[in-house]
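Written out below as structure tokens is the structure these notes cover.
Chains here go by letter, A, B, C and D, matching the order in which they are written, and residues are numbered from 1 within each.
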Amino acid sequence: MKIAVNTGGGDAPGLNAAIRAATVAALKQGWEVYGIRNGYGSLFTDDPLVKLTHEKVHGITMLGGTFLGSANRGNPFEMPVKQSDGSVKAVDRSDELVKRMKDLGIEALVAIGGDGSMIIANKLSKKGIPVVGVPKTIDNDIVGCEITLGFDTACSIATEAIDRISTTAESHQRVMIVEVMGRYAGWIALHSGLAASADIILIPEIPFSLDSVCNKIKQIQSFGREHAIVVVAEGAKEKGKSHFVKGKAVGQAEQLGGLAEYLEKKIAEQTGKETRSVVLGHQQRGGSPSAFDRLISLRFGTEAIRALAEKDFNKMIVMQQNELRRIPLNEVAGSYRAVHLDCDTVMTARDLGKSLGD
Amino acid sequence: MKIAVNTGGGDAPGLNAAIRAATVAALKQGWEVYGIRNGYGSLFTDDPLVKLTHEKVHGITMLGGTFLGSANRGNPFEMPVKQSDGSVKAVDRSDELVKRMKDLGIEALVAIGGDGSMIIANKLSKKGIPVVGVPKTIDNDIVGCEITLGFDTACSIATEAIDRISTTAESHQRVMIVEVMGRYAGWIALHSGLAASADIILIPEIPFSLDSVCNKIKQIQSFGREHAIVVVAEGAKEKGKSHFVKGKAVGQAEQLGGLAEYLEKKIAEQTGKETRSVVLGHQQRGGSPSAFDRLISLRFGTEAIRALAEKDFNKMIVMQQNELRRIPLNEVAGSYRAVHLDCDTVMTARDLGKSLGD
Amino acid sequence: MKIAVNTGGGDAPGLNAAIRAATVAALKQGWEVYGIRNGYGSLFTDDPLVKLTHEKVHGITMLGGTFLGSANRGNPFEMPVKQSDGSVKAVDRSDELVKRMKDLGIEALVAIGGDGSMIIANKLSKKGIPVVGVPKTIDNDIVGCEITLGFDTACSIATEAIDRISTTAESHQRVMIVEVMGRYAGWIALHSGLAASADIILIPEIPFSLDSVCNKIKQIQSFGREHAIVVVAEGAKEKGKSHFVKGKAVGQAEQLGGLAEYLEKKIAEQTGKETRSVVLGHQQRGGSPSAFDRLISLRFGTEAIRALAEKDFNKMIVMQQNELRRIPLNEVAGSYRAVHLDCDTVMTARDLGKSLGD
Amino acid sequence: MKIAVNTGGGDAPGLNAAIRAATVAALKQGWEVYGIRNGYGSLFTDDPLVKLTHEKVHGITMLGGTFLGSANRGNPFEMPVKQSDGSVKAVDRSDELVKRMKDLGIEALVAIGGDGSMIIANKLSKKGIPVVGVPKTIDNDIVGCEITLGFDTACSIATEAIDRISTTAESHQRVMIVEVMGRYAGWIALHSGLAASADIILIPEIPFSLDSVCNKIKQIQSFGREHAIVVVAEGAKEKGKSHFVKGKAVGQAEQLGGLAEYLEKKIAEQTGKETRSVVLGHQQRGGSPSAFDRLISLRFGTEAIRALAEKDFNKMIVMQQNELRRIPLNEVAGSYRAVHLDCDTVMTARDLGKSLGD
């Protein structure tokens, strides 16, 4: 058999480990394995494939990123095509793509990616490409997944950064605001906020009130502590307002700058405390994966090959109840896995006296 | 209510986080919390308790070890007592201990520890002390637990060390043997061996043959790679032999030294390759806990207080199917949770072409 | 003798190590040691001092921040005093301060801080307080110092962050801009930019031209590499312009936002490349010091006590030509140590083909 | 010009950075650059050279080890040659080697290595090969060098390991012995012992007495602290004895095992304290170099090319008085740079109350 491996969507630590795992396990089956360079878009070029061998994937488990590349315009159902008038229009080139894959002799596909990639994988499967999906996103918000590859590393990096920032907060008796990733779900904020002993954790699932946040800071101060740490997911929302989308001010609020900056200004005003903010940004998604993420990636990657070998197509590999399982790809599409408000981790935050802004 | 927190057994990253979580959650209930200094043994001294307050536990989540201390002679059912002839005898002082706890006004106990500590906790519960157990061990081998606090950090440290050692192996074209912890179960060896791309992983659950190990090294060499990495759990056993117990040679084999040294010598002899060994030892169990371990510790610690608050006594907090649960303490005693030979992680190792020595 | 230790100015990794070193070395001399809480300002309060003992400083070498605190309003020559009309005016309260220190029995002072703190220390010495200064700043820009405590840790953190961001840049074929600290001098940018293999390094000492930056990116692209890394010090300046001060847009340029954002927008426009930026911010100055910074801090801290013991007052401890030396405090004031444009590190950058924006 | 780069001797973090620096700087000169695979010995094989290009050295600055390889039998003046009777004899093949290098068109050599490699480089230079040396050793003991590449990383790894082990020592009230590298000089032990707050530091330069070591432990205990940390260089020697060479027992003392084990047993006996030991071993010399080591490596590597370009041959690049300099290769041979007993770092240790075993 001849299979291809594709990595799509945002960078996440563990992609290379998953590529290697799928490659080595497939070679053990006696299959040929090819990597698609920079996403599906390259299939419309002359040289889209790189042959994956033991040598090619040696030593990559510990490396961040994806050595195959992950272009942002990899959706074959909405390929950006330049029109004669110079404008760019999204065009469905999926039939062409499927034909091209078949012409190249690709008999099955391992699609490693996030929510968007799984939607594409599902559509490709309906057009006759046998596919198995491997879920990755540092945000940990793919439906059906207890854990996605990249999440543990992102939490570790965020935790370490908050640790560092906390010593400065304490030395200078400041309020420090740390914005972490999480557009739709607050997993990184909740986990790293707890791990790094933040006082206030703001997540998209729980709209926050500035009064509640500032009251917590004043309460801390009344107990004799002069510094406080606020961890905020980029997708957190203020109650009854919609001036921020993905951490950026929109519409008439544009002059507010980013969410972290807004909180910095408002908290300083309302509490009289010296306040500073840091936006962690892209460093959360790059670099060497944690031991946990490497292992998850290797387990997911080999399981994808086991699924292909068993002809159990059009599934996504997931961890559920701490077991590797396979769920139909079409169960994934179009929604996000949010933090449940009554899960034990939220209870833990409340029992530890954290404010969640509500 | 007045409760006590005890930490017992070997050091594990996350103990301080669990102490803090139990303390803060209990204070929120309006309870008084005391820590037992250096294990149960200290209850026979004048000043066994330290009052735990918000100030006392501030900032300890990220610190390794247990600030309460964890003496090695903390089993009240077998207290070492010096006899008149100078010899030391184990004496059951548990009734005294229970009386002492009651005299001190302790109404319930949070017992944080490993297998041994859970057995003690179970016995104390039968003598009338309401107790909730929190399982910790870097070895991850407590019955009923998918994950114990300390394990993730130990795997991370081992993985990072093997990463480092691998670059040296490659530069010098050597076989490198890395001995990690795991007396009864191979969890650390299996997880860190996979995460760090070891070639051969030897665990107590699968007795190894030297021929099999050396054949794998020769096979690697025949493919053109001149270095190889062997990760071995201290409790690994050679097929049909019993010359090593917990990584140390015993009986007539004593002159063999440690297991790692033995493998080093034998592999060098049989393969003709330059071979070196490293025993990671105690660095696996100390130091700042990973974000994952901090979170687990905080979740377990607060759940212990929830259990006490609900008068759900004589239970151990566990993670099962990725959920916090409580199991009867008497289900824990006397056995170990081994690596299942058909679990997906073992399959992953085999699909990636690792040798498990069998 | 009775001495006091003060920490002033911005947080830097190594402060606690220096406090501990000065304390332990002074106790060995048989002296009494006191720490000033939160800077000189507290000397006007009732309880300004904390007695420093072996117990008090045990285990703090590895901790970030300063456990004494470092308030921002610690300049006794310009103390902010509220006027009757509600405004705040800077008032010289140094004579009062000197009297207060003498009343408290303080016979000598170890002043740990940056440029500002050394100026204050120099002035206090002229008013009769025997003082020895210990230079700290993550920016490494204090006159007379080859190395200041905090710099190595800041470079390590920045390097690690750029490493992480680079894997994302490569996966996504992006230009990534990383803004690091350095208001007046480009040490962190130069060292971390080199260590993390950045392509373009912009420092305050070399005004940059956007054309030069963009040409470098196009040149890289012409060689077949689709990603590039730009490291920029917050104090970097565009040739012939003054629209940014300390990384923030000023005057009419205010709508430009920060320097990193400005570069992101301009580079995307001029090169057509997808471009992103990250501002590392406060995480560079907090957290556990590197082994190097701990050692420097311990060497500086004990040397300060040696200087006091030898009555070699009004000096600052410095590393010069890799030796500990003492220079007169009044040589420090009012200027910065810039990167020399013909030093070997700049030559290294050029020989490695980096663009410095000129 | 056509030059070759060789890496010799033990692995050290920074070798790849130095290779890359020399390569890129030489390419900028318009030269051709070749790497010698696995040391000089390979020059007697058919395919000894790998062409070094920008692509070949891209991304290697952060990688541990040397991708050129560093065989242990790379001394052309003493090549191991199998004799007809099966024995192995060291043979001087240097004339052959010089001829082979000339036949291959190599006009100059960058020799990156330790003391042994510098001696070889010096001899080759006398046979007519223009050579510039770059000193590396994690032990930091090459004559004429303030700092060698690899040392900072080794100190960081050792410090982090001792940090971890210290929390366990404290939790369990144990004496912990940590053996670090340093056969002839105590640099790693002294620096990491200070950075990690060890109580006792044993280095080859100061023969230790067991009584002195044990008295220090008892003194610590008398002050109320129940744990202690001993850091020992593998080359440390007991006063008046010679039973250990490079950390291993020799002669009649062989049954003593290693130095760390010996100290563990003796200290437990004399102090009655629970004592454990850890030998850090090879993990100190592998893995990703610190930011500091990367920078040093890049500076040394480019300076080597500058020296070649200026025809300043037969020199070794060194850091002296914090400046890059070049010293004659023949000044290096045959001795080691020991820790000066009156240097400020030793004074720092004493002022901080450490025992150095004397």
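Here is the rule we use: a residue touches a chain if its C-beta (ideal position, glycine included) is under 8 Å from a C-beta of that chain, and two chains touch if they have at least 3 such contacts.
Remember, predicted model here, so these are calculated numbers, not experimental data.
Number of steps on the shortest path from chain B to chain C, with steps defined by chain touch: 2. Listed by label, the chains touching chain A and chain C alike form an empty list. On a Cα centroid basis, the chain most remote from chain C in this structure is B. As a whole-number value, the distance joining the C-alpha centres of chain A and chain B reads 31 Å.
Inter-chain spacing, taken between the CA centroids of chain A and chain D, is 41 Å.
Within chain C, residues 160, 163 each touch two or more of the remaining chains. Shown are all chain pairs that touch, namely A-B, A-C, B-D, C-D.
Residues of chain B touching chain D in their complex: 7, 10-11, 15, 38, 63-66, 69-72, 157, 160-161, 163-173, 176, 257, 274, 276-283, 285-287. Chain A makes touch with chain B in their complex at residues 21, 24-25, 28, 54, 58-59, 61-62, 146, 152, 155-156, 158-160, 163, 191-192, 194-197, 223, 225, 290-292, 294-295, 298-299, 302-303, 305-306, 319-324, 344-345, 347-348, 351-353.
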